[in-house]
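Below you'll find the structures, each written out as structure tokens.
Two complexes come next, and they have one chain in common, chain A, joined by chain B in the first and chain C in the second.
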Partner chain A sequence: MSQQLVQLIVSGLAVGSVYALVGLAFIMVNEATGVVNFATGQMVAIGCFLSVTTGIQMGLPLAAAYPAALAGMALFGIVFYAVVFRPLQDRPVVTVIIGTVMIGIVIQNSALITWGSVPFRPRSPFGRQVVDVFGAAISAHALFVIAVSFLMIGLLYAFIYRTAIGARMRAVAQDRDAARLMGIGVDRMFVLTWVIAGLLTGTAGILVGPMWFADVNMGDPIALKAFAAIIIGGFSSVPGAIVGGVLVGLAEMLGAAYISSAYKDGLVFLVMILFLLVRPQGIFGERIGQRA
Partner chain B sequence: MANKRAVGRRKVLAGIAATTGLTIWSPRLSAQSGEIAIGAMVPITGPFNVSGQQYHFSLQMAQDEINAKGGVAGKKLKIVFEDVKDSNSVAVNAYLKVVRDINPPLVFLSSYTTQNLATEPEVTKAQIPAMYAGGGDAVHMKKNPWLFRIRPADGIQALALAKHATEGLGKKKIGILFVQNDFGQPGAIAAEKVIKAAGAEVVGMEAYAFTDNDMSAQIQKLKNAGADCFICISYGKDGALILKLVKEMGITIPVVASSGVMVPAARNLIAPDELTNVNGVMDAYLSAERGPEVAAYIKSFKDRFKIDPDPFGSCYYDGAWILKGILDKVGPDRVKIRDALKAVKGYKGITNTFTTDADGNMVHSLAVFGIKPGTRDPVFIRTISAA
Partner chain C sequence: MKPGRNHLAVAAAALAFLLALVLPALVSGYGIRILNLALISAIAVIGLNFAFGYAGLITLAQAGFVGCGAYLTAILSTAVGLSPWLSIPAAVVGTGLISVVVGLPMLRLKGHYLALATLGFNVSFVIVATNWKSVMGGTDGISGIPSLALPGLSVATDHRYYYVLWLALAAAAWIAWRIRYSHIGLAMIAVRDDEIATGAASVGVTRIKVQAFALSAIYAGLAGALFAHMTNFVAPEDFALGHSIIYLAMLIIGGEGSILGAIAGAVIVTFMPELMRDLGQAYMIVFGGLMLLILIFLPKGLLSLAGMVGRRLGIAGR
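This part shows the complex of A and B:
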């Protein structure tokens, strides 16, 4: 395997695993609440900036800075639920979706006021260390991003499919009213869903900061690609988010290298449109009728 | 009851009339209250806010300094800022709003070409002189007599990048990496022409989107094509990312970077060792070494805003002082201001020397820099001018 190909594949996997994490945040919220959260990108940016505050501005060691930032994101998820979702939850879905778009703008501008317009460069636990992988120079942080992303995805999968709380969350996702009748605390499951979305986006933000810098506008492009990833992988599927994210990441890198750098984004979105036309449920997604 | 309703209507109508009157007469009221109000279209929020902040700060500073020295034409200068974000439609609406609200004798337009192009027809209709900092040659090619550019055009920047890579560094195989928009694409094409004219070869031209976060595929491709030098036509954050990636990938060939990469906000994102082998151009040599006025400007800016000024925003500071000189001389008459702007010759500002050409360009050169080893500090190499 050529050095170039190794370089591109590792970069594609790092980028793709971040898209997968963010895609999972989309899926968790959509499955539980029926809402596509268009403020997901801004939540990634807030996660990144919380790590800037804890790691740079407060000067905490990263072992403390990262958990503190994630705790902040869990709290952010609860606040998001209480301030945005709960007041709007009985309104038409379109109203809630528009609410998330508006709150995304509010978050972005609040971040601008709080952290300013000049980007930051958060520290990586590995500094700027580069490792040799089959002769290619790979940033140690890129490998860390891949490892942590897949660890998070694995933990989430185990939580949803191997725990009682996960079973309750799935029950709420399948039929909110039936779950309530069965004695499941639906509101608590909603809160938990938003906390998990906060943790996923927060992790994505913390991971991308040292690679891509922290700036208040960083969220939208990431969310857009993550959205494309879950369309391709399947909007209701955890494996779909992973495969979709990795495919989009690799398509970006390999498309830029071997087809055209000018059209690499066009390539990703063309694939997304093809999926919407030919297989709207994505690679792993279930048809709406199969859910009943 | 009917009588009460009629009185209510009268009150409403009176209110509307009063509001309309206030709107129509607001410029006169502004003038009567001892102020001359001008507009400034600034990307305060959105992806261009890093440079927008510099533009915003430099005009705030100019306004306060000018007022401390007696204002303009004996009146207080008031700059009315409007946020134009990154949207052409927002820029046009902001321009129309500021024209309607304060009827200014001059407007500072945004520092982005597409917004300048979108606003240009409205400038023609309003017949209000405007200073702008968008670099795209497409703006001055409109030959709009009301538009005046206060920083070097992108064509000069491309020329400087290409000349420095070929003549300055003696490189023969150049790879061009550019942001895919109205700034990067024409810049890359213009640089390609200069490189070829200098007898060197362009081994590849690779684009990336402004929102991209990983350009390693493009960098790898140019390296594999045999480049002995990269020209990087970028803004701040994306340019910093490219330099970081070049270092991570173990590439040691020189990089000649555009002005956005060399501004303090971008350089501070890059580690000193990532700046090894980096040369770049900047709109101006903004250094205390240039003299006491420049030193005082840098100090005041830093003391007030806690960040270093950059040449990209500081050109608006110069623009405001040029305007003060003109308003003091000819007053707020728009045609006279336009004619005075056309006649500017050899005005020595903080950033550059300003002389207006037939296309409304007021700045015709820029500076090439290296980086002092082990630091992020630029070291002046030479000036390259359009001529």
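This part shows the complex of A and C:
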């Protein structure tokens, strides 16, 4: 393999695993609470900027800055639950879509006032270090992103499928009323879901900062790719989000290098629309009741 | 609501239109430009009302179709050299055709899948317009678009163009009103209320959805074409996804499923930044928060508030 190809594949995997995290945050919320959260991208931006505040503005070492930013995002998830989810719960899907879009606008412009329009360049724990992979020079941060993303996804899996609380969350996702009758605190599970969404988007934001810039407008482009990823993978499928995210990341990087850098995003959306038309349930999806 | 049932509302609308006729005499140069933009948005939002308000299709592509109309008339009246009087209808028809080609496959999707697919269309439109430099001009856009002119009378000033837009809006609203109470309009509403039952009553559900989507796009195309000949310049960012969201917000704020609501929403949202200019950067925060409050507390839009007040006063009739 040529060096360039290895570099592209690794950076595609890194970007793709960030999309997978964001896609998972979207799926977790949608599955458990039935809310289609169009402010997911803005949550990523807030996560990124919290790490700017703790890591750059407060000057904490990254080992403390990252957990502090994540704790902030967990809190953000709780606030989002109380202020946005509660009032919009059980409204028609259109109201929820527009409502979360509007919240996204509020979040994005609050970030603009708080952090200003000049982008920050968060540092990576590995600085500009480079690692040799198959004879190609690979940024250590890209490998860090891939490792942390898959660690997060592994933890999420273990939590959902190996703990009692995870089983309760799955019960709520399957049938809210039956779960409530079984004595499960449904509202508590909703809060937990939003905390997990905050942690997933926060991690994505922290990881993506050193790769690109921390820009208050970064949310929408990332969310759009994450949407594409989960449509390609399958809207309600966890493995689907991972595979979809990686595919979108690879398509973006390889498409930019070998087809057209101007049309790389167009390529991603073309693939997404093709999937919607030909295989709307995605690669892994099964439930097609409400799709077509 | 059957036609003629709410005489007072119709009379109020007629009065508002008459008032609108004398408005330019009272408004300064900058104000009239904003007013013109409000009228153009109103046409696009009346269109959106077919797809979203009547047929219940969540579409985030309206700005993309406004862009199709604007770019088509821009290309036809500059590179091809057609008169605007020919290029505008051509752009409207062209936008309608594009919407049918896009809509036929996409309208098999529902709910947020349709929202995401139409969102993909709008984003793709901007990507193509930004990168297809030879035809669509890239980020520089297309300039030198001719203004409308009658023999011996140019309508290049914003004050004169206002009347062109006013006529277009009045015609658009009247046609929309006629369609609403025709069998097409009723079928759209039936599809929204119960798609399965409508299909079972042997109404072609897909055909109705495509019709609603195409009507929506035709209105958007007209709005875009009128916009292009007012500003004499088009660029991709005027048709970005954010504008699709604003059109949808206009319709919801005014009151979905209502032509008057569509117009009211377009005017209110267009003037909102002007009214809240003192807020500076915080404007968008207040705007988003306000929209959310309206969604939560007035899900049928501001027009329903007027209706409620009217009923309380006993003047709106039944």
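In this text, the second predicted complex is superposed on the first by the 286 of 292 C-alpha atoms of A that agree within 3 Å, B and C clash if a C-alpha of one lies under 4 Å from a C-alpha of the other, contacts with A are read in each partner's own complex, and residues count from 1 in each chain.
Rule of thumb we're sticking to: a contact is a pair of C-beta atoms (placed from the backbone, for glycine too) under 8 Å apart; a residue touches a chain by one contact, two chains touch by 3 or more.
Just so you know, these numbers come straight off a predicted model, no measurement behind them.
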Three-chain arrangement built on chain A, chain B and chain C clash or fit: clash
Touching partner for A:112 - first (chain B), second (chain C), both, neither: both
Touching partner for A:128 - first (chain B), second (chain C), both, neither: first
Partner chain in contact with A:99 - chain B first, chain C second, else both or neither: second
First (chain B), second (chain C), both or neither touched by A:31: neither
Touching partner for A:254 - first (chain B), second (chain C), both, neither: first
First (chain B), second (chain C), both or neither touched by A:11: first
Which of chain B and chain C A:91 touches, first, second, both or neither: second
Chain B versus chain C as contact partner of A:265, first or second or both or neither: both
Of the stretches 75-83, 93-101, 219-227 or 309-317 belonging to chain B, the one that collides with chain C: 93-101
Residues of chain A that lie at the interface with chain B and also at the interface with chain C: 108-109, 112, 220, 262, 265
Interface residues, chain A side, partner chain C - complex: 36, 84, 87-88, 91, 93-95, 97-99, 101-106, 108-110, 112-113, 220, 224, 227-228, 231, 235, 260, 262-263, 265-266, 269-270, 272-273, 276-277, 280, 290-292
Sites on chain B touched by chain A in the complex: 45-47, 49-50, 52-53, 180, 206-209, 211-218, 220-221, 224, 236-237, 240-241, 247-250, 265, 268-269, 271, 307
Contacting residues of chain C [partner chain A, same complex]: 52, 58, 105-106, 108-113, 115-117, 119-121, 123-124, 127-128, 130-131, 241, 245, 248-249, 252, 281-282, 284-285, 287-289, 291-292, 295-296, 299
Complex contacts: residues of chain A adjacent to chain B: 4, 7-8, 11, 14-15, 108-109, 112, 116-121, 128, 130, 137, 139, 208, 211-213, 215-218, 220-222, 252-254, 256-257, 261-262, 264-265
